[in-house]
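Encoded as structure tokens, the structure appears first; notes follow it.
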């Protein structure tokens, strides 16, 4: 099981390292979103902890959607997905492997976007609390995103369907992420605790539900 | 033949009952129930708003249960039931949003407010929308049914979390005035009207659900026939 | 309906397909397909485009779920093809299943680990020799022609020493020499007790390897032929001319 998990993970990462199709696209998307938000909202004033967190999470969600779409497209193109489904690998292992590679990709985007946020908007982002919020939110977002990307992979208009499913269901992550990050950035980290448990609970709950239901969505 | 006609008449009774009850509740809302002391006539929307809201959430509960049953058993019954409940749930959610908005305009002074319950209901509306899109965009109906069941389960589990997060985020909805430990805090006429309307809505809902279920059964049968004749 | 469909039965089957039906909405891809497969044989599945050949193989491989009917692999009926069965099947579909940005060796290694092949490096080299791609082991798949990729795909299907091969047009893109090699490979595979289910548009290629055949048209089994001469006779009798290789 672990060998298979690592094999899938290694292949995903090696493939991405060679092709650089997913993460680069996600990064460009995230940074452009931050840039546009800079024109839409005041990200330098006293309110910048609030609007900065909002801009950051919108950028991350957009980048994640793009990355999930790209990953799926790459995987389906030459039948690598078929090869994986045919192999004697438990469906839950496939899910966990795909979730982990997606979390890694989004984590890269998180960190780069965080540096940009710190540099452009003069926010004290490098606090352990902020990183915890990012980690929990990212796992939650990817937990549902990985499940839905498989469900929408073979659908008509999947670029439409994936956001239509993921956005409403991921709202707790967006609200929790924005609030917790804002509190951390404005030095009220203690108040962020309930939000962090919300994010953590969301991640665990939906990762578990996805593991349970993944077998149902794998076959055509 | 006999069985079919008795089934039809049974449904007709339910349909007739829901018609009479809805007519009665409309009469009571406008003629029997007094105007609210502070909100005036606008408050009469409440009789429509509350049952619709309950049924919007009940529908998702039906989808949740049917989805689990469908994944475990794979029988078309549960799939059709989920499909039927989804359509009704979507209609009732739309009704909640519209009545809430019309009600909110004179009371809160705005068509829309990001109040916790209203926001949750709006998100529920979007989840329903995603549910229909999923079924529509997956060309193989069998696969669509499986995927929709997964969404039905994940979505239902998510709703309380969405509500909680939105409530922590902000709230200004009127505090519950119906369900209270020391008993409802409203005039008897209002309470009676409310209960009658609620019963009327539930009967109407059952009637619509059965009709919708029958439509879905016929639709599946047509699909089956088409498949057989196409060969 | 069922009685009019030809059913081929054999003793000690490795696979039993019973009343298999697959519908996509009102379109029927497979209709009440029943047959069984004896170990060590090669079943040729033929039929015009859209007859349901690919759907049949995909259901047998566990990629697609059937609408109705049952499959029993190795004597056990199941709704969803389980892990133990998947470990014993080698499948080739229309897609290469290879990552174009990885080398041939990396791709094969990846699958060797998924199938828990013992001594993967030895085995990878073995299958590479089998399809004559040893010289290409460190080339990226993207740089190979479709025919070479197809050979790697075949090597991938042989990696875990499967008991059964499900091959959907395995000769796609292969030149005459590679096709000949594939034929010899399949013969040797069967001599060792392996079973093959195969679709192809090149009937001549199919005729050379098949021990029996099943003709599908619009999702139904139209005829079956139980030995090579009968297969040949039936195929040449068909209206559709034998596709030149």
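Per-chain numbering from 1; labels A, B and C assigned in written order.
Here, a contact is a pair of C-beta atoms (placed from the backbone, for glycine too) under 8 Å apart; a residue touches a chain by one contact, two chains touch by 3 or more.
Here the structure is a predicted model, which means the values were calculated and not measured.
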item	value
Farthest-lying chain, centroid of Cα atoms versus that of subunit C	B
Pair with more cross-chain C-beta pairs in contact, given B-C and A-B	A-B
Chain closest to the middle [Cα centroid of all protein chains]	A
Interchain centroid distance [CA atoms averaged], subunit A/subunit C, Å	38
For subunit B paired with subunit C, centre-to-centre distance based on mean C-alpha positions, whole Å	49
CA centroid of subunit A to CA centroid of subunit B, Å	33
Of all residues in subunit A, the ones touching two or more other chains	220
Subunit B: positions in contact with at least two other chains	139-140, 143
Interface hub residues of subunit C, defined as touching at least two other chains	65
Footprint of subunit B on subunit A - complex, ascending	144, 147, 151-152, 154-158, 160-161, 164-165, 167-169, 171-172, 175-176, 179, 194-195, 198, 201-202, 205-206, 209-210, 213, 216-217, 220
Contact set on subunit C toward subunit B in their complex	23-28, 31, 65, 67, 218-220
Residues of subunit B touching subunit A in the complex	71, 123, 126-127, 129-130, 133-134, 137-140, 143, 146-147, 149-151, 153-155, 157-158, 161-162, 164-166, 168-169
Residues of subunit C defined as touching subunit A within the complex	58, 61-65, 80, 83-84, 86-87, 89, 91, 93-102, 106, 110-111, 113-116, 140, 156
Subunit B to subunit C touching residues, read off their complex	139-143, 223, 226-227, 230-231
